[in-house]
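Following are the structures in question.
In what comes next, chain A is part of two complexes: it sits with chain B in the first one and with chain C in the second one.
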Partner chain A sequence: MRRVLALACLILGLISAPARAETDALRSTGNLGVIIERASGSVLIVDRTAHAILDRVEGFGDLSHASVVFSSDARFAFVFGRDGGLTRLDLLTGAITGRVMQAGNSIGGAISDDGALVAVANYKPGGVRVFDADTLEPVASYDTGAKTIGLVDLPGRRFAFTTWDTGETWIADLSAPDLEAVVIEGIGANPYDALLSPDGRSYIAGLFGEDGLTRLDMWDDTPEPQRILPGYGRGEEPLPVYKMPHLEGWAQAGDRFVLPAIGHHEVLWVDAKDFTEAGRTKVHGQPVFAVARPGGRQVWVNFAHPLNDTLQVLDTQSGEVIETLKPGPAVLHMEFSPRGNEVWVSVRDAGVVQVYDTESFELIAELPANDPSGIFFTARAHRLGL
Partner chain B sequence: MAEGRVLALALVAIPLVASAEPDPAHLERLVIQDCGSCHGLTRKGGLGPDLRAESLSHWDADGLTEIILDGIPGTAMPPWRPLLTEAEAQWIAQYLLTTE
Partner chain C sequence: MRRVLALACLILGLISAPARAETDALRSTGNLGVIIERASGSVLIVDRTAHAILDRVEGFGDLSHASVVFSSDARFAFVFGRDGGLTRLDLLTGAITGRVMQAGNSIGGAISDDGALVAVANYKPGGVRVFDADTLEPVASYDTGAKTIGLVDLPGRRFAFTTWDTGETWIADLSAPDLEAVVIEGIGANPYDALLSPDGRSYIAGLFGEDGLTRLDMWDDTPEPQRILPGYGRGEEPLPVYKMPHLEGWAQAGDRFVLPAIGHHEVLWVDAKDFTEAGRTKVHGQPVFAVARPGGRQVWVNFAHPLNDTLQVLDTQSGEVIETLKPGPAVLHMEFSPRGNEVWVSVRDAGVVQVYDTESFELIAELPANDPSGIFFTARAHRLGL
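Let's turn to the complex of A and B:
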């Protein structure tokens, strides 16, 4: 359990000290992260500055489509498994410090702004369940009666989430005595995911069943659905979508941000002030993630099956593709170092996680992993709306 | 321009797949990973419904083959005809009906 995997160190030619808690050496968590190994239901704890695997922890159940949030002190990772398991992992000791099976089929989670509550969105039974972050005792349950997606934390101990089947956004207020939720109807046909702007103001749901997206102004007392980029497909026959895009990380650069199109091999640029279209860029395939490098100078895009061996880098000023990389089969996820100098890329079918320098696009490290999917660094602990 | 290139790539890729006999290892991985991204790696369901054998008992292999090739229009179930041959779709239909 608690070994530094030698291979990663060899590749790097580094001597990576086994800086684990049991050595009694002090260490911080600011440069730690986790990688989901979906085939084996295990999680790697990594040191992102040393490019080293510190630990492999097992016992998380079905981790297909797993996601992770961090405690506000960035010591604990909450891992949300597809089978409904919610597991808390201590990054310093590698110990699992809590686990509940909270539903049959879940999709993602969030942690409240004060770090006190962890929420999980579920497909089956559809809705959101909220737990105490310390005890993992249940606190509240919102039964939406539909597959629930796009769960984010909002300022003021609130969560927002949206339903695939019924097109509703719910805003649950966990600071209110009765833990009430407000339901906003008319979000649109089949919202597949949603994201929140870094200021907590714009909640945008992507629609699968309609050409367009829907924005809610969360600074409004009674947010009204505002359709944005309606008809962006311009009546063109949509292409088959072999994997749903994810809306994660607000890829904003200057006065515009980028979103993946659905059914079109394009990313869409949106004016950050008035939410009108500000351009589009043809890309290699159906985009899955379009994530801005911190600072916003570039946007990195990966693609759905069968074009998922490729990554493209867009320059945010010109909107042009400036680099096309071929990391290998099944590029599933990207995670930037907090200041954006490096990006970690999981290449599932090659069984590796690659680290690229974002200035030179050079491959600078490669770590072995068992069907790697999501990569999550502790800097997420300090960001709103993830 | 970019779209033209993508189409050309896809055209090159299809005959490579199409000329081959169904390759069980490849197709099993496709079912687990790529059908799995919507139906769950263990086929218990996700955005798409449960695809375990007992849940599909109301289907015969031909019906399933057709759904796989043509998708279900108006839903998120995509047509796989651009990526799979009929023989491959049939193999997957059999696999779904007979494998836990």
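Let's turn to the complex of A and C:
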């Protein structure tokens, strides 16, 4: 191996670059995102390249637990509020272009792979409701008879979701009219959240009522519940559980998943092939989100109250903590730029969103926000299973 | 398992959805793409949702071998022509907003993870030139003293590329001024193409001058060449090699890579963990591209002349051919919608681009195009290693 310095720059251009066309009125949305302001029920539209707030939009109802998906053209954000509100926001104009109160209490949503349908999972009443993404007219309704969680999109205009009360995973197929939903029983006691692995194959439910997790192989024609990580869970509760970790925070880093331990100051490394435990790392507190930087080289972890002023960065290969940051009180959420060069961090009780360089760990920007929680960038429009 | 029909739709909305705001002058670019018209040196701007051609733009020079990357905001396409032209196209206005003839003969380009820098790999003169993505002003130049291929972006404002004549892989770090490029020797005889695995970790070069491939682990601080798949290559040439397969066509599907065999009517399945061969599937002809549908459930394969009127679809789990399509003469390229519900196929000698539903394999749209070759959708803006 040797090292070579780049040559001094030499213009070989035969034609020089003209100034950029006068197109200031136009803008694209590939570098936009939204930040949830949970206390005020408002949403900030941000430019992640400029580290700038473009607009604040009011009128989303109760955003104390909110999530967001994006239209296939990355222009519209669909905001799911805790109060059952489904609101469509035009990122180019800042206008709310549709809003329905579709239930009394909801827990999250998803958009179909073709961008045509938006689905919402509900606590009260239970079940899942599906809407036309263009008109917000209702298209279908699945009455699960139970609180419904873990809603994700699957390829082929399908959705998967799971019931808290009855331990069932449903697979709803909307590729043609009047197809029956497949219901898989025996998922376990009180599934509280579920995720789809980044490769779209494994649907994994966390259980509140018992230890372990349940995996379904979505490539099987008839998926069967498979218990994995039997020691994983609340167990004997050696520590009080301040917050059940978000399973959406599961990260795949190389050939391992990273998983927040429940009630312990640890993250777990899990073999991505056979779902056995492959190691543990001691961390600062009870982890809430463990999120892989795109490319999987590091994992960033935040923590539950009362240790939630801290972020830690783990090296994927060694499993070691390589950096500890103190963004401030109540670090609630992290969102990476799509190719991972930056991470945005909401620090609720400081009223700011911070932007860090993921190579140097330097704080490079700070944006004011009212009780910021979730941060969502439009590149999510192009990913499965969110 | 049981099956349940969705309930008839029931509007629970307390507030009905208003009509969409009048914003026809605005558009987003998340569902746009470009199609290379190789004979005429022109580019089509397409809407992949509407299956519509929005514009034809002329003036790109020689596009007989062309590739494209996108700006971080998904608004601008950077088109790399065979003649060394680097051209920036505004997808919102259809205007060319910059063009430099940066070399005499080039083979492809890449954009840095932060979207700030565009790099081009050149045959004549060799080496890599790096430009500011906003101004197209030159920023750095790496004189490798050889034809340079296999240029990809790496995390941390870095690029990797490889030399045909001297068998070196260079890692150029542009995160600070005047950093030395790392040069790794011993890649092998005449690397002709290289790729970065979807997880950003493995950089793999194909060799024209000998059998096998060479892998570098980009997570290592000092990557060492590792020979893999020693039986893979031109070997005894039992069949004439009509076209060396594009390594960018490597697909990761579940825990295996899929790889076009060279000179054989086969695709190879390769273990993604240890890079050993895990099986072969007989296919219609010499494969050129083997591309996984996002989610990895199927792999689509096209073929070299004279059997290039055909596409085959392989099931990832069984490895079997599950569908054979005959799009028409000279099927050159395939591009999936970002979440895989559709695939666009260029059929050069029929002068059309076809769109297939990936679930039903039905032809759902056909667009006229002059000698279409490469198809590139803007979601690529958000992916590493392209």
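Please note the rule applied: the second predicted complex is superposed on the first by the 351 of 386 C-alpha atoms of A that agree within 3 Å, B and C clash if a C-alpha of one lies under 4 Å from a C-alpha of the other, contacts with A are read in each partner's own complex, and residues count from 1 in each chain.
Operating definition for what follows: a contact is a pair of C-beta atoms (placed from the backbone, for glycine too) under 8 Å apart; a residue touches a chain by one contact, two chains touch by 3 or more.
Every value quoted in this text rests on a predicted model; they were computed, and no experiment measured them.
Asks: Can A:79 be said to touch chain B (first), chain C (second), both, or neither?
Replies: A:79: touches no partner chain.
Asks: Using the touch definition from the top, say if A:330 reaches chain B (first), chain C (second), both or neither.
Replies: first
Asks: Examine A:359 and indicate which partner it touches, taking first as chain B and second as chain C; both and neither are also allowed.
Replies: second
Asks: Determine, under the contact definition given at the top, whether A:205 touches first (chain B), second (chain C), both, or neither.
Replies: So A:205 meets neither chain B nor chain C here.
Asks: Identify which of chain B and chain C touches the larger number of residues of chain A.
Replies: Counted on chain A, the partner with more touching residues turns out to be C.
Asks: Where does A:65 make contact in the superposed view: on chain B (first), on chain C (second), on both, or on neither?
Replies: Touch status of A:65: first partner only.
Asks: Quick check on the superposed pair: does A:164 touch chain B, chain C, both, or neither? Answer first, second, both or neither.
Replies: first
Asks: With the two structures laid over each other on chain A, which partner does A:34 touch: chain B (first), chain C (second), both, or neither?
Replies: neither
Asks: Going by the contact rule set out at the top, does A:123 touch chain B (first), chain C (second), both, or neither?
Replies: Touch partner of A:123: chain B, not chain C.
Asks: Residue overlap on chain A between the chain B contact set and the chain C contact set?
Replies: none
Asks: Would you pull the chain C residues touching chain A in the complex into a rising list?
Replies: 1-18, 20-21, 23, 26-32, 49, 70-75, 88, 90-93, 95, 97-103, 113-115, 129-130, 134-143, 153, 155-157, 170, 172, 175, 178, 180-185, 199-201, 219, 222, 254-255, 272-273, 293-297, 316-317, 337-342, 358-359, 378-379, 381-384
Asks: If we count contacts the way the header does, which residues on chain B are in touch with chain A in the complex?
Replies: Interface residues on chain B, with respect to chain A: 1-3, 6, 9, 13, 33-34, 36-38, 40-42, 44-47, 71, 76, 78-80, 82-83.
Asks: What does chain A use to touch chain B in their complex?
Replies: Touch list, chain A to chain B: 38, 62, 64-65, 82, 105, 107, 123-124, 147, 164, 190, 192, 208, 240-244, 265, 282-285, 305-307, 321, 330, 348.
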